[in-house]
């Protein structure tokens, strides 16, 4: 049994994440997915709650041919403890897949196997770009899985983001 | 779509929990399961990490005829904020199933639908009793699902509990 | 201008507290009242929120012949920082009135003037005793100011306490 | 009995706040005033302690024709829990008055009545502008109630702000 | 270069600790000493601040024939992160010396070398017993190094302990 | 017995710090050195752990003609409590040496003696400049004591810093 680990903030979960996870799915028996900055929500860079993001991921990955776990991971603001924190919250995993330099460094220092992965078409599929489109009233729905569109509609996510972004 | 919520510490997950969840499964479209006191581990009353408990639950419920989410919930030490904390970490749910008086009170005050459930043969199926059996070297494996036996063996859970329980 | 400081948990605010504050009122120009363990609520020893306790105090002291401030003070779990914490949250005060040995010690070590006060008929007027009466269905209303009876009724405080005290 | 809620950082409390509170006073029986970011002090944007700000507010509002509560509210860094946090620390209120987009959004999502209010001549009456005037040695006293001038003088607030703003 | 690690609460530092450290000194090039529960003080079980305990240790070990580091370690309330926390706060060490079952378990699970050591005459040399003697007015000075007697006198430690132990 | 206090982040410890400490050494019997932002590591501005910084300091000061204590000080994010926090973690000191305006202000408000010191050739000896040199591959070793070069090499500090600084 091999288990891979992947972490992101998923604000929101988009097609780039989906591609990466489909790729990892081929090389592990199971995948553990961390939803990072879980305690954040209702900000311009982190509009969605951890629970909303868990929902986006789980529904979008319903057809994935690989069992997966979706685990909210709260920030602990202490890099030297972060790997221990992640490991305490998740089922044991043997390989970390990441393109984030800090994540790579921390798991490498902890002696774990880390495989560098490339984001998929990262200029197109980017949380920052999608949130900006939501703010600007431009189409964003084609950049995320259909299930994500539904979740965001149900929680009135675009309206939330726009209200938060108003100036005082 | 209806979603039920159930929370426990699952130290360890046992047949009593399994019976309750099988029962809830019949009355909801989906179940959200909170793994409470997620930050606790390596103590006599909370020997297992959140990740180990997520593993116990997910593997034991593999054949459950109802989609489910398993979400670690860290304590926040502030009862008045606890419902908001749980809701931020989980997909939206409409009904809470609980036998815990405080959980019932907090969700009721928050205006949510709470259904009281009975623990199944609670003297037999009890985390406290199972941990005591582990300490005393008595059989405990028949009180938990087979997957839980495997997880505990893999993490050397009984040895961990006994070591922690030694006096200085 | 002299300002006195008094702190309690006020679970609930009762006639003993009222007597003490009326006494302090005579010897200061203004009184600062700290509502301790402000973050606690919905437990058997701390059933009421800070806001409910602020309400009990403010309404009960409406006729006090001395301006007063009611300030929630969250615990910080570090005794060596507690005086600095209290002073940051409150208007400046010159005299501390307390019968609590730790409060006396901490303010004394900080070089402040501390006046020891006696609780008023402390066996009769005691938060513990009043909460026990609520649990036992015995009369408790005569032990607290009328405004406190109203606040507790409005928030269904007795029912809350009894529900929390039930065994699982 | 109706109670309105208003929150600000009040760094420092100024005539714009005073105008808004006088306006709210006409439409509620009582007002609950939250002193936000209560844990902050001794920074360029938050020079004053919560206690100093409580003092500014209480003394400036001495003649207000409406009972009021002034409650320090510490940040909790978790937007999804913030409304529950505020409500635990304050007497119950039914209407929120705010011009802050995030405050409006969070209380609206919590199902509360929120009334949008305009800041009063906000370019003139602005904490940022007043602090800059203090740093620049320009007159600021006419922008705040007389009681605020006194509080700031007593705590040597301008000197504190200037010292903090020096470069290392 | 080998470095040993030893941790205690040192409330207060006593001859039993001294014997153990003298023993460890023979088998390591350097010693790292953690002052545990560093955030605790002014309680019956933890009367002394971390700084006071650092002073007791450093002065008592002045003649130790082995360089040492004395590092306050705050509790983090999460056992699964505790080893990472300790290692982040201390110079790298290769061997842990401990008689505490939890410390042994946590470092062992982290893959470190742990050597079990016996407390020296632990019924005689015990923090609990020494604090009780202080409370009871019995002699305790012969149970601690002379430097500890001086530190405790300077901070009026016995008076502090007795005041804290008074009933309300 | 006089004790001086000096605090810095020491990211990394450099010759400018060394000069200042040698100067303070002449005017105190003992020196207490606080390692600030102790909880930070693995960021571009705070690459080194508290333990690594303790090591840099202790080894660089081996020949200092003055006993010293090196104490990690975690940030507490509350300026009004910071002096109490520092004092709880350190042996008692009577004089603070600092060039940091906030440190000066906080200790001054607490009524302590503060002596302003100048950083030594601060454009040359600056943590920011040294970290930038590490990133740019320019020589930095001549700006820090030899012991610091060794510590950074052993923990692969330059590689760590460069990895963290990579863009995602």
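Per-chain numbering from 1; labels A, B, C, D, E and F assigned in written order.
Assume contacts are C-beta pairs under 8 Å (C-beta built on N, C-alpha and C of every residue); 3 or more make two chains touch, one makes a residue touch a chain.
Computed from a prediction, not measured in an experiment: that's the story for all the values here.
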Touch-network distance, chain A to chain F, counted in steps: 1
Distance from the mean Cα position of chain C to that of chain B, given in whole angstrom: 37
Separation of chain B from chain D, taking each centre as the mean of its C-alpha atoms, in whole Å: 43
Contacts with two or more other chains, residues of chain C listed in rising order: 39, 41, 49, 78, 80, 87-88
Contact pairs between chains, per stated definition: A-B, A-D, A-E, A-F, B-C, B-D, B-E, C-D, C-E, C-F, D-F, E-F
Residues on chain F engaged by chain C in the complex (per definition of touch): 76, 78, 80-81, 83-85, 87-88
Complex interface listing, chain D residues touching chain A: 77-80, 99-102, 104-106, 109, 119
Touch list for chain D against partner chain F, complex: 39-43, 49, 160, 163-168
Of chain A, residues touching chain B in the complex: 38-39, 41, 49-52, 54-55, 58, 69-72, 74, 87-92, 154-155
